[in-house]
Amino acid sequence: MSKIYDVIIIGGGHNALVCANILSKKNKKVLICEARDECGGLLTNQLTNFIPGLHKNVTSSIDAISTNLRSIKSIALSETGQHLKLSGNKNEDQKTLEGFSAEDADNFLALEKKLSLFSKTLGAFMQSSPPRIMTNSFSDNFKIFKLGLNVRLFGKKNFNEFARMIGLNVADELEDNFKNPLLQGLIAHDSITGSNLGPRSPGTLINLLYRMATYDNSIFGGIKQNEGGVISIIKALENNIIKRGVEIRKSTAVKKCIIKNDRVEGVELDNGELIEAKTVISSADPKSTYFCLLGTEHLDTDFKRKVKHYRAKGRVAKLSLKLKKIPEFKGLDQSDLSQRLVVAPSIDYIEENFNFSKFENLSKDPILEISIPSIYDNSLCDEDMHVMNVQIQYAPYDVRGGWENKSAECINSVLSTIEKYAPDIKACVERQEFISPNDIEKDFNVSGGHWHHGEIQIDQLFMLRPIPGAAQYKTPLHGFYMCGAGTHPGGGMTGIPGKNAANTVLKDL
Amino acid sequence: MSKDTYDAIVVGAGHNGLTAASYMAKAGLKVLVLEKNEYIGGAAVSRELYPGWKYSNCSYVCSLLRPEIMRDLELYKYGLQIIPYEGSATMMKNGDYYANYHDHDMTVKAISRHSVHDAEAYDRYSRDVMRQCKIIKPLLKMTPPDLTSFKPKDIFGALEFAKYFAAKDELGGLGEKEIYDTIRFYTMSIRDYLEEYFESDIVKAHLSGSAIIGTALGPCSPGSAYVLLHHYMGEVDGAIGSWGYARGGMGSITQAMSECFKSHGGVIQASSEVTNVIVKNGRAIGVATKSGDEFYAKKIVSNLDVKRTFLKITNESDLEPEFVKRVKNFKIRGSSGKLNIALEGLPTFPSIPKDDPGGGGDMHFTETIEEMEGAYDDWKRGKWSEFPYVDMCIPSKSDPTMAAPGKHFMSVFIQYVPFDLADGGWNEKKKQEFGKHIINRISEYSPDFKDLIAHYEIRTPKDIHDEVGLTEGNIFQGELTMDQLMFNRPITGYAQYRAPIKDLYMCSSSTHPGGGVMGAPGANAAREILNDMNIKQKGNYY
Amino acid sequence: MNKDLREEALKLTPFHSRTSLACRTNTWYRWAGYTVVAEYSTTELEYTATRNGTSVMDLTPMYKYDIKGERAKQFMNYLVTRDLSKMKDNTVAYVIWCNEDGKVVDDGTVFCMNQNEFKLCCAVRMLTWLKDSAEGFEVDIKEVTDETAALSVQGPTSCSTLKNYGASDVETLKPFEMKKYSIDGYEVLVSRTGFTGDLGYELWTDPKNAEAMWDSLMEAGKHLKIRPMGMYGLEMVRIEAGFIQTGTDFVSSEHALRPVRMRSPYEIGMGWLVHLNKEDYFVGKRTLIKEKENSTTERVLVGLDIDGDKPAHGAVVYNKKKEDIGIVTAAIWSPTLKRNIAIASLKRPYGVKIKEDIFVEIYHPEELEYRKIWATCKVVKRQFYTPERRNAVPAEVY
């Protein structure tokens, strides 16, 4: 048994890479074991359309990486061709919205201002390990006090608004403020993506705030695409840590942790090899981490109950199309096509989709987010060809009939839906690849195939994420930590869980 | 033009209005209650709509009415008697049934017939929900603090409020774990919550009914678990979570209250619809009625829901536009209908064995949460549910005063019926169609039911809106979602029963702790008013 | 069909036809969803049968579970605090198990049928706890309460009774051993276990043999002073023996509404069953280690020897400053010991370091009035009555 590593990180997603970077900067000898033949986890060019870019607090704590990020507009598609194009730039958006309704434009600015105030506070709270309550620890109480103080400093009116909004559903707020269904639909779409909630489900407003906290505290701003896709960011992260002496072993699946006297002492690989380390960090999702890597015989019954009931069933599927040519979208020009195209024309459209997915059915008129990155970035595809990545919201993990039978149907309704906006789409398709939540589960070892490693709902956030009582990147076992999207503050390409976890580990070491 | 002056005028003779009025009259104030209808009681009434039958034609069962209020107002003296009932049942299409009983062992046995696992899980479920009931109970009696205020009183209020979650209380102190559980309970959907305990569809469907009654939420909507609490936290003589009938119908509650009120010198004037709150120099000084009368008082208390209070009887010019906007955006969605039926005999429900106590209380026939959620989806689309969740009960099985011996009154509560139909509003024809549909649904479970009907009344949310005065027919006078609960109810920053206009108060179910025949909003409001008048109060409620 | 579906409140045990006939007072007791006899004729006589001859008690309502699978033993060892890794076939072990906070869920007996097959017998419904605990262990857990008829046969002549009944070499069974017998063509499992503190056995069989078994036993014990005993009698003998009962002496942590009511093993005198040096993890081990290291145990369960002869049911316990230091959870006047005994839960250090100047306040009913008695008491071992015959091998034969 070798004994050269301080820390072993299981999984090589971006949070793991960020975590490894911070640890290696403090001269910790780190090994990353990645089961797949490449790092990045769920961040692949196929799965990831748009990103906010790593959070500035993350980039400032790791080695500099060069990215080539391009800001993206959001376009809510309308069958009439009267699309709504929003850039995240206040003045532009105000003008655009005024074209539909002056009142909407005013209300949009007011709402965004209010929400960004809240999302900033939320964002600050995301930056460190969530406090535990009732522990009488000074730092925990101080964190709660600080959050409370920040919230009180909103002023009376905004404080009241914040109190009201915590549990609010996004549809009510949008209907109270806007008349334009496209605008309502687009914001509602961003509030429910990846979740198992409809726009009328209470708690969806906090999802929007959550998203805004990572997207520049704005509703439509901060959406980016990287030249070469997300993979090139991953490569950059990898290169940085390799320079720091971090070892990355790909195609190396960890079978389970070695546990002695209630302490994690290393890992056992699938091939039987044992690797020793005082600290092991899992970037896998909570269920896989606890039930597979750790082993249930080291956990208490109540804890297992909580892990078992952790909700992590994915609701997003992906259709990746190889196109012979770019289809013609009514009312969109070439530069529009390289933006984010969203098919979610109204709240009711989304809610109706949600109604199907609640019963594990598929809608014939799905909600789509479309990206054609190859227009801008020809490194992503062969010459003369194009790639279109379509994200399908509300594709239930447990679809009735099973994905092996249902994927054709799903592809068909996706293409028919796109056809409404781009009539020649079917003729353009050369090849198609469909990725269901089940495929994500299998291919990426994410139990449930959930993009965020678990539902983003209040009962699974903050000090409750992933498991109440084990939410501070720590686990019941000594020397074992978590750093994946299943921990606070959750999924998305932020790197914050990785950063916070690294800091927690360093404090303990 | 009458120029009588009072210490306080209460607008609306519903149970909360009468509770507030009675507490004030008991404290020695001269109080007038004005009611628009010719009968009093609001949504807690017993009405003889067909000769020989008493109809509890709005609210129909009683459990939430705070015992301290019954005690303070000596309601027994004025004829109030609560009759507990023995059980509840869900009938199944295959002829089987599921029942819950007053007796724990029987319930466990009944569950184990459907799932042994669930029968065992029921203990843990009961404990966890009971814990939540115990946590919320003291909060019902409190005025929610204004969290934005830096006044010592409000800061102490906030601490007091927080204390029940943190420090030593009836539960002997909650730990970290219980607080996490509470956060989860308040924010989860009833489906997710029940799935942590149960596996059987029928058990989950039966238990989740309480989480959707009266709300515009479905069982999959986060926050619906809390609504469950709103139906569980009541008690009949200390048996938390159990329900009963008010002897003589729900009207006997408001009747008893009004007798109490009158015995303390209170005056009730029916058929007097208040059309305006008279405001002078920024103070509410009186009210004007439809007939042109004006009444003056030191304090004006509105038992109308928050929308009616501020959008209908208050001049918009007396309010800040921001406040008016908040009121306009207050969510008060009608989602329930009712059928009130006079029966010539007791209908048989073949799937429930004769004399099984399970049939003594509420009966249902929704077998899965999916069916319930589907009913909700219909509502969202602006249709009444094709397969609605119904809560049927026959109070005359236990109450000899509702109908002549052998005759019965049946109350059928129907969950999800929209206030407005997508195909262009309610009319008589659509209403009759809706009624027929429900009767046919019930007949599927009771072959002789149709033949026994002597008379029936159909109540859509529209009817409840028009007649009773609950906006959109929402039975809670406002959705019970987190954005409208505790210090957010009815409007964040105005949760202390005081309206933005001086001397105008709110005491309806639009205020904390919300709907149900509970009386707590009325009693809490009365306490605030009497405090403002520096009048000492006694009683078990405080 | 519907008639059959009708829910009766309580289940009847397979011995009901016999117990109801023998029960002359028609006094019944609700136990775990069953109805069982509380008192057949006179509780004192039933009690005396356990200390003088043989008493027979219907144990069927005890919750019983079968746990099978290749990892069954590993699972049992993970479930309970006691180290079962060396448990042999055909032996029984008294165990407790805890939740993650190290608070006792229940106590019970584990029967090792073979290394892959165990039975668990306990007082509180445990199926969901067992199943949730078994997550990841791939064991098969089945509730067999209704499928197993159980009788407890206890008292000095119980061994002789069983020999007459057909269990030929039963005297060679050591305490906590068990053996299968074939009697009159049916199979009976006999374990030398019990809840009376006396020589005694428990018999387990299929419900269809229940009535025959009852009849044969009564016949076998005819000259050995056999007598059925009800629940009231059991309560007396178990207090004398110092056995604790979930729901009486402590509340199961799975049932307690108030977190402060939950008890750790050290608080109910079960520390001896906690093997912190057990190699494998068991539920609650982390917290129990901390409790032990930081000495955070708050309460203790003790035996009290109380002055006078008035039983201290539900009495509050005080120190000399009249400060409330605990409560009596069970009490009787012991007819055998001629002592006024009680089990009490005290706040430490009372009962551990401070054993002097402890009083109980007894409200003794005397013809419609209560007499308040301020009685001094001694803290003593909870096992008030431990006769030698209880553990003698071979067992006493008459």
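By written order: A, B and C. Residues from 1 in each chain.
We adopt the following convention: a residue touches a chain if its C-beta (ideal position, glycine included) is under 8 Å from a C-beta of that chain, and two chains touch if they have at least 3 such contacts.
Predicted, not measured: the structure shown is a model, and the values here were computed from it.
Of all chains, the one whose Cα centroid sits at the greatest distance from that of chain A is C. A count of C-beta contacts for the chain pairs B-C and A-B puts A-B on top. Chain B has its Cα centroid nearest to the centroid of all protein Cα atoms in the structure. Chain A and chain C have Cα centroids separated by 54 Å. One inter-chain figure worth recording: chain B and chain C are separated by 47 Å, centre to centre, where each centre is the mean of the chain's CA atoms. One simple way to say how far apart two chains are is to compare their mean CA positions; for chain A and chain B this gives 41 Å. Shared interface positions of chain B, defined as residues touching 2 or more other chains, are 175, 177.
With touch defined as above, residues shared between interfaces to two or more other chains in chain A number as follows: 305.
Counting partners per residue, chain C has no residue that reaches two or more other chains. Considering their complex, residues 95-97, 99, 101, 103, 105-106, 108-110, 113, 116-117, 119-121, 123-124, 127, 130-131, 134, 171-175, 177-178, 350-356, 358 of chain B touch chain C. Every residue of chain C that touches chain A in the complex is listed here, in rising order: 74, 78, 99-100, 129, 132-133, 135-137, 280-281, 283-286.
Within the complex, the chain A residues that touch chain C are 262, 291, 295-298, 300-305, 308, 476.
Considering their complex, residues 1-3, 5-11, 30, 33, 101, 125-128, 131, 143, 254-261 of chain C touch chain B. Those residues of chain B that touch chain A in the complex are listed here as 147-148, 166, 175-177, 179-181, 183-184, 187-189, 192, 195-196, 217, 220-223, 322, 329, 331, 370, 373-374, 377, 380, 481-485, 487-488, 492-493.
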